[in-house]
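Have a look at the structure below before the remarks.
Read from first to last, the chains carry the letters A, B and C; within each, the first residue is number 1.
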Amino acid sequence: MSNIIWTWVAAFFTLAILSFLYKDNPFYKFAEHVYVGSSAAFMVLYVWVFDAYPKLVMGFTEKVGVQRYLLVIPLILSLFILLRFVKPLSWLSVWSISFTVGMAAGLGITGLTQGFLVPQVQASILPLFVKGSTVGETILYTFNNLIIVFGTVFTILYFYFSREHKGVLGVSSKVGITILMITFGASFGYTIMARISLLIGRIYFLLHNWLRLV
Amino acid sequence: MTEFFKKLAGIDRRIIYLTVFLATAIPILTKKTMKIEPLPEVKKAYEYIESLPESSIVMVSIDYDAASMPELQPMLETFLHHAFRKNLKVIMLGHWALGLPLGQQALEDIAKKYNKIYGIDYVFLGYRPGVAAVIINMGKDIKSVFSSDYKYTPIDSLPIMRSVKNYKDIKLLFGLEAGAVGDAWIQYGYARYNLPIILGTTAVMTPDYYPYIQANQVISVIGGLRGAADYETLVEIPGQASIGMLAQSVIHLVIIAFIIIGNIGFLVLRRAKK
Amino acid sequence: MKKEIPLAITFISGFLLVLALFIPHKPFGNLEEIFNDWYIIVSGFTMLLGIDSLLEYNFKKIRRKEKDAPYSLVLILSFFITLIWGVTEIVRTPEHNPFSPTSTFSKYFYNSIFMPLQSTMFAILSFFIASAAYRAFRAKEFNSALLLVSAVIVMLGRIPLGQGAAPYVITVIFLVFAWYFYAESVGITETGTKLLYILVSVAFIALIYPIGWVYLKQHIPSFADWIMNVPQMAGKRGIMIGIALGGIAMSIRIILGIERTYMK
């Protein structure tokens, strides 16, 4: 019985959000505000359950020696963040934010260079002529490699705005934008696929779990 | 003809919405599934998982939430069926806090079907904020990040975790990605520790991962509802993704029709103005 | 002091991580692990920023009895009900975790209220994208036409019905292009250009059968694969290399203290 009630509750909220398609109405506004309020409370619960309790509380009880005393530093930094809500002391929260921003910047440099830039540039260095087992394969693989190498370079050149796009740079940029249009078209196709999949999921819930028609 | 296209251009948007709704609902009501030829990327992912020896330890990362559930939940469920059928051991964690209950629920439900025991055959570690920092530190020592599981049991007391120190003991990371965490797994997990990665991504994110596929930084990517349906076909467990493919096909054709009609109208009206 | 200490913290934390990449041994490797651990703890608390302004804003709306004040009350009530329910489950359940599958919070609140709300919020985007496809997606020039064609081919190539539908879709598209070029040629007086437009129009009609009914009927899935693996991949890589260079530059600026907007 309780399963049926909760299924109807889920269906109510689903239809409340879908009602926005007809026009903005109190049911939609109600559902929207419930979503925002509960999301905020979720964050508070998550911080305690998965961060503060296991890393700080359990850390203080289980760790020994220097490892335990070192936990005082993140504890202080975390409390400084909460001081943002106290106007006279909110300047202390900048210390914690500076730490997180500095860490993010450091992680960003290492990840982007080692994990993306070098391997991707390496993968773009391809032979401009590939001999396949047939003439057709030779033409296809060579053509593919030419598009990958020059397509990547010309796309990057399109975004170089420090010089006017004239002459060789102008021609490269035009080829670059052509490649970009194909890229955006493919992304658009996949975006439609994604959004429709989400709708399929909700309609399946309404037809299968709620109305039991499927 | 010009008047007809003028009327068509000004059509109430709610008629478009109703058309989309019916084009999605009616195929689902027919309950038909479609025969599909799996994409090469999905076949590659399937074959890699098939090649893993029994008792290999795999890690699953829940990096999505309810907004991406229709695409990624079927992928997760199929992977868990695949893994448990092959007697692989599963460690699950997540970087998106709001999606964790979805992952954990699927893990518990499917593990029960294969009589798997918590702590021996699978474990749910939970979530830690920090993404990149979590991935880097787990590469050195998983215990430094997750000293306990989701119910605060010390992981040393769990048999499955006794043979796992870091990524060297993990044969595969299966990441379910709705955002940028997949990039972090590749840029830190693969780049620093050579962690083998297969990603299941939403269709929106899938085009972004093709550069990584070509550079061999990931084994493969299973993209969108189509990827999920392909994976279900290969594992021979029809699920929600396979049911959704007919609706997906119909609505794609409807949207292509909208694009064509819209452009015909545009060209007619442009010529009429000239 | 108020400026110097945060800048020093940013520099030390950022620079250490870069140094630890090149010198992973003691003490830098250990320090990196410790700093990462602190980052895991502190970044969790940053999720709480914004909650106070959300609650404060809605409390103000209620105090001032504004038009949407009842909805602000709904927001605040749902915040506190969720929080209290979650805290109750933390105390009540043996796992002390409200998100475990056995807790009522997860079984009822998450599955029946939160999850439908979140997934439906994003599902309605599909309606808007269909409306945009009809009203706004126009092939005004060559590049936008190329974007459209690429989108249509990928959309057809990724669905099981694609091979069956592709010939019809290509027939309609090519007929539209043929009609467009012929109609444009009517208004052209210069013989050479007029002839060119008519030739293009005839070419589109001639290509309907070989491209639509012979090639794409068989090969649209592999053609979509080719688009994704070759030109799309090249364009994406170019964009992402640009983003990576920009990200690295910004990170260096932050570490060196040139970029200070985060301190406000």
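Before moving on, here are some points about what is shown:
By definition in this document, a contact is a pair of C-beta atoms (placed from the backbone, for glycine too) under 8 Å apart; a residue touches a chain by one contact, two chains touch by 3 or more.
Keep in mind that what you see is a predicted model, and the values were worked out from it rather than measured.
Number of steps on the shortest path from chain B to chain C, with steps defined by chain touch: 1. Seen from the C-alpha centroid of chain C, the farthest chain centroid is that of B.
Looking at A-B alongside A-C, one finds more C-beta pairs in contact between the chains of A-C. With centres taken as mean Cα positions, chain C sits 15 Å from chain B. A separation of 14 Å divides the Cα centre of chain A from that of chain B. If each chain is reduced to the centroid of its CA atoms, chain A and chain C end up 7 Å from each other. Looking at chain B, one finds that residues 17, 20-21, 67-70, 98, 126, 128-129, 133, 136, 152, 207, 211, 214, 224, 226, 248, 252, 255 touch two or more other chains.
In chain A, 21, 39, 42-43, 46, 49-51, 53, 55, 103-104, 107, 112, 114, 116, 120, 123, 148, 183, 186-187, 190-193, 196, 198-199, 201-202 are the positions where the chain touches two or more neighbouring chains simultaneously.
Within chain C, contacts with two or more other chains are made by residues 36-37, 39-40, 43-44, 47, 96-97, 99, 111, 114-116, 118-119, 121-122, 126-127, 129, 133, 148, 151-152, 155, 158, 228, 232-233, 236-237, 240. Those residues of chain C that touch chain B in the complex are listed here as 32-33, 36-37, 39-40, 43-44, 47, 94-97, 99-101, 106, 110-111, 114-116, 118-119, 121-122, 126-127, 129-131, 133-135, 137-139, 148, 151-152, 155-156, 158-162, 165, 169, 172-173, 176, 180, 183, 187, 221, 225, 228-229, 232-233, 236-237, 240.
Those residues of chain B lying in contact with chain A across their complex are 14, 17, 20-21, 24-25, 28-29, 31, 67-71, 97-98, 126-129, 132-133, 136, 147-148, 152, 154, 183-184, 186-188, 190-192, 202-204, 206-207, 211, 214-217, 223-226, 240, 243-244, 247-248, 251-252, 255. For chain B in complex with chain C, the touching residues are 9, 13, 16-17, 19-21, 34-37, 39-40, 65-70, 98, 100-102, 104-105, 108, 126, 128-130, 133-134, 136-137, 140, 144-145, 150-152, 207-208, 210-211, 213-214, 224, 226, 245-246, 248-250, 252-256, 258-264, 266-267, 271, 274.
Within the complex formed with chain B, the residues of chain A that make contact are 21-22, 39, 42-43, 46, 49-51, 53-55, 58-59, 62, 103-104, 107, 111-112, 114-116, 119-120, 122-123, 148, 183, 186-187, 190-194, 196-204, 207, 213-214. For chain A in complex with chain C, the touching residues are 2, 6-7, 9-11, 13-14, 17-18, 20-21, 29-53, 55-56, 70, 73-75, 77-78, 81-82, 84-85, 91, 94-110, 112-114, 116-117, 120-121, 123-124, 144, 147-156, 158-159, 176-193, 195-196, 198-199, 201-202, 205.
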